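Each structure below is given as structure tokens.
The two complexes that follow have subunit A in common; it is paired with subunit B in the first and with subunit C in the second.
Our next item is the complex of A and B:
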């Protein structure tokens, strides 16, 4: 036992925990022996990982801050994230620093810029950071969700059925991989770009989010598909699958109930990795005129504008940079915690 | 010169500034010049965008013409120097021409001794070929719009004769344009232009051009700087090679100059103040120079919401925040203006047409009311430096008058190629223009005369074509001296006020960052960095 890092629960086997036993190791007198479910075990393991819990709390708070929080902040400061403040530049045309009060020509009042101005346009850095987080999270999370949904489905089908299904998925993967993604993006921008950018589902999403999600999904699904396919290929030969087949379980049930739980770890790990990658990719594609449309803020475009001021107002790099780093870190740590919770053997 | 100040912007670093004008003008000439020019070495210039063409018959970007000022030989030229001497039109390949009594015939005698980089002598036929290419329909050269009044031209030995349909006071100035530089007599007519190596007759020739990447000019082996006819031109031609690098963004350009990886660079407008404080102005590495150029918002009068909609165009001219737009060009970037003829250009007269202090929304809204049509406009702009923030400023301003602007960002070269094509679906575009030569017609006629519009390579970005103003341009064009400049000043005012096809906002200046390696540095308001004078330490 001392050579492993497995917990007592894990070594005692499913269903029985320390609390179910008397000090001598016998079942507690009069106590009902209750089997713990799979998800309950996952949760028990997960909640012991304080770093993962902290990451989850951070992400929940982040969502609160960028959704209702941004709206509340806008009401408090009295202007929107795209409001331009000509007076928020100093004599050298540099943006003013944190906690500056500037005149709002539209209302005639003096407004507070909590983190100062965002650049030469003199917009509120704080509000743009909040609203930018909203857009960046939308792009990253929705893209990740769709990529994993398509990728896992394709990979599981290819790995489980093999044969023609595998061939079709493999060819689709190769075609997608061989396709010049950048060319597609540019073509998309010049043809359907403006129409796609305008799809916001009644303002629920930022302008351009749909375009980016589409691009990321089209060119992102095959990575998880290949990972999942390989994993399913090996799981397919395991005894528990044979057993399930012998009991007459349907293919859908086997995939859903027997294979999928074993795929949670790679899914979680890969998801947390690409969430961060999509946040950064958003900036690059916006530069090509695809995706987030000016003046909509995103962490990506806040970051891409900041280097112009790196020598004079370095804080402009710090704020969005910090937001991306902390969010990325939180997703990764959460992913680690979830992986360990789902697959405790991976900690050996 | 190269019209499109294009990429310049930013791009080249060169952006610019007329700055408190006189203040720096006095120190301009020779500022930063080393006492002794060292011969040899390589100077590296970094631009955001590549040349549009290296073919003199097609190139029209400011930095393309800047390159050509070192490699091409024109009939006449403006001396490569700073200060007043720069404005004296002088003979280059030819002496000043003999002009007939009626002012319609010009006889140029090409000097003996000039040779192309392949050793062939320069004759009148080489200039005739340049004119042929300018007029050739398949070339679609911007030069054609400068040749409408040419009745005929002939070449015989060293004598090149041009006959005009009518008197043209700016004709000699036009011969300084790179379109009309000497080219080999067998240079083909091609819409795509020739590629490097380019045989040319200037002090250098373009040996390499790696499209969208780099270019290299080396000495013309037949250029003898210490003997006539070369000597009197005053080209020091100090360096052995001039290299251009295309692509790095302004922030990277600055780093390249500071690390010594390049010698003439741009920088983000937001860093201008810091650089001025760090290096001083016109003292060592940071130069602020006069420039005869402007930036403006062109409204497409051939389609969309601005077509036959003067009131909305006037509303836009009232709504934009010129003070703020100028701020986007950074410290010492230029002066606010509402006029098309830039400060420093003959014909500039200060009129009070639109607010320079900020938007006049009240007037703009009253003009826009009932005239916004579908209320949607597509704006093209370049994707670096001041391009995106200026577009966002315009977007914000126009939203206040009921016009939703969709911004489309492009590389500057792509933006120009698109807006230069008739029928391109844009409503607004951010444009700049640097004087080809010091004459107001170079702004008014060249950029606003609708009869010059062709299928491609247009510089009339607003596609403005008003018969009334075309006729007034014709009348002003035939005048000379004070009458000419006064006529153009009034024409400028009337077009901006009554038709508003463009909304100028800045009379720009130039700011340049150099490496510590640069010894002599000079700048011309219309030509840019004086490549024939630059030297290393």
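Our next item is the complex of A and C:
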């Protein structure tokens, strides 16, 4: 395949394009020869990966749709995600299907429910899907940020200082792993959750987001910590660290300027992949009724209502399910694409 | 080997104490008032005080934890349910076989899917099979397990009517009132839940097996084996697979422990009242001892399985126990 030779070039950091070659080994007459930077090479490789680009576009669109989009949709249809429509049930007391017009008793107008009603209370499934997306993304993104922050710090310290620091981190990891995380998360969310659910930072976050973020962080930090530790452990043996030590650089400086740049790639790739995992976890916990509490919408609690109607209105299972699946798929594909872009050898 | 054994056992003991301690703190200090919960909604303040004394909640915290640990270790008792007053051990003994059927059944399926698929896609990277396997992995890690369960039970159970939608049947000691029982009914009810769990878990395993086999293929000893003229099947069987399967053993052991507490979603979808179902039920009625019992049982399962795996590993691979 023709990509193989290109990849080898990039591996060696030559960064020469076709136009850079001149006959007889002479430097190209026209422009100046410039080596491509690291980020430029990563971007060039990433650009070629159509699946990863598509995933990124999808995710950007998703953020637009759930943030300004949810607000705009609310203004257009004329009601909120938590408003109850008593008329949105049909004769058999089942929620109405997509594209139904239902009377809004608060304004006296007839409102459109784009995807129909969400269950026996007759709320707008479409708006709840959009607002639920906000909550699901908030939980996943903030958890990822905190997990990476703690995990990378712990991993870097353990890998760099070794000795007792390494032992402590290793032991903490083993203790965390000994907890049946899921059961514990459920128990914690249900005992401590009632006190934490109210914290929304002035409406910035959805209700219940803080609880989930906390429990995900407590049981999630050790995985990135282990990855980063292994990486730092091997980097520390490299000559450039020795050189830096010889010139009298402080530990903080070595970690900041010599180690961190090498850790950027695994940090970005791993973050993308765990966002997907946390979207699934939020959905799963809310499905069990211990995650985001009603009336706040999230993709998980939209799904938790669906089984009640699953023989009669199976579409209710489909919408939030699709939202979750497409989003996690996009994050996973983006993560894979980024990994290949950062390290073409991993594509083997 | 003996020193390694002792070290592992001691560490397992430390883990046990750490986990029970944290669990105890979470369950008896964090909730507003366990005595109030135990006494019920309509209890008078005097009655709540009585219950508090009865449960030992008026004692200092460390005394409470000491008594709890003593009872757990010496009598093997996890206490009594606030709601039914039955012993928590009974609850767990009833629930554990259900979860165990699910987890072990799924694990057998996972390994029989993932090991051949992982090996073949590692031996022929970028082949059609490999690409298909990678797509499967992607789908496996992107789909919520409970959603697959719902969809499968809708399509296979409800639309096609091939399997029951939900429920569990006892194999042994079938209760009088039960509508089903015996090995056949048990398998008939477990097939869909096990399959669901297997579909979800197998994705990770295919990727793991593939990565391990590819990693081993690039080892020097594999090159040596080929150089000295060993036939390819022998190289794969005795040099590659033997080494590549070792980490898989660890992963299986760890995951069985984890899943015993973590198969909640599948249990909920299929109406199996296993450990997870019991935990969810006890949350609904604030039955803290039962909830705590399930968590501690789950922790013990994880610690025990990882201990077994470590020892097994040390026995198979001498490099571990010598360092």
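We take it that the second predicted complex is superposed on the first by the 267 of 348 C-alpha atoms of A that agree within 3 Å, B and C clash if a C-alpha of one lies under 4 Å from a C-alpha of the other, contacts with A are read in each partner's own complex, and residues count from 1 in each chain.
Please note the rule applied: contacts are C-beta pairs under 8 Å (C-beta built on N, C-alpha and C of every residue); 3 or more make two chains touch, one makes a residue touch a chain.
Since this is a predicted model, take the numbers as computed values, not measurements.
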| item | value |
| --- | --- |
| Partner chain in contact with A:307 - subunit B first, subunit C second, else both or neither | both |
| Contacts of A:186 with subunit B and subunit C, given as first, second, both or neither | second |
| A:293 touches, of subunit B and subunit C: first, second, both or neither? | first |
| Partner chain in contact with A:169 - subunit B first, subunit C second, else both or neither | neither |
| Which of subunit B and subunit C A:324 touches, first, second, both or neither | second |
| More subunit A residues in contact - subunit B or subunit C | C |
| Subunit B versus subunit C as contact partner of A:235, first or second or both or neither | neither |
| Partner chain(s) touched by A:82 [first = subunit B, second = subunit C, both, neither] | first |
| Partner chain in contact with A:178 - subunit B first, subunit C second, else both or neither | second |
| Contacts on subunit A seen with subunit B and repeated with subunit C across the two complexes | 287, 289, 307, 310-311 |
| Touch list for subunit C against partner subunit A, complex | 11, 15, 18-19, 22-23, 26-27, 30-31, 125, 138-139, 141-147, 150-151, 154, 158, 214, 254, 258, 260-262, 264-265, 268-269, 275-276, 279-280, 283, 288, 291-292, 294-295, 298-299, 301-303, 306 |
| Parts of subunit A lying in touch with subunit B, wherever the complex brings them together | 82-84, 86, 89, 91-94, 105, 119-121, 194, 287, 289, 293-295, 305, 307-312 |
| Subunit A to subunit C touching residues, read off their complex | 174-175, 177-184, 186-188, 190-192, 276-277, 280, 283-284, 287-290, 303, 306-307, 310-311, 314, 317, 321, 324-325, 328-329, 332-333, 336, 348 |
| Complex contact set, residues of subunit B against subunit A | 250-251, 268-274, 321, 323-324, 327-328, 330-331, 358, 383, 386, 388-389, 391-393, 395-396, 406-410 |
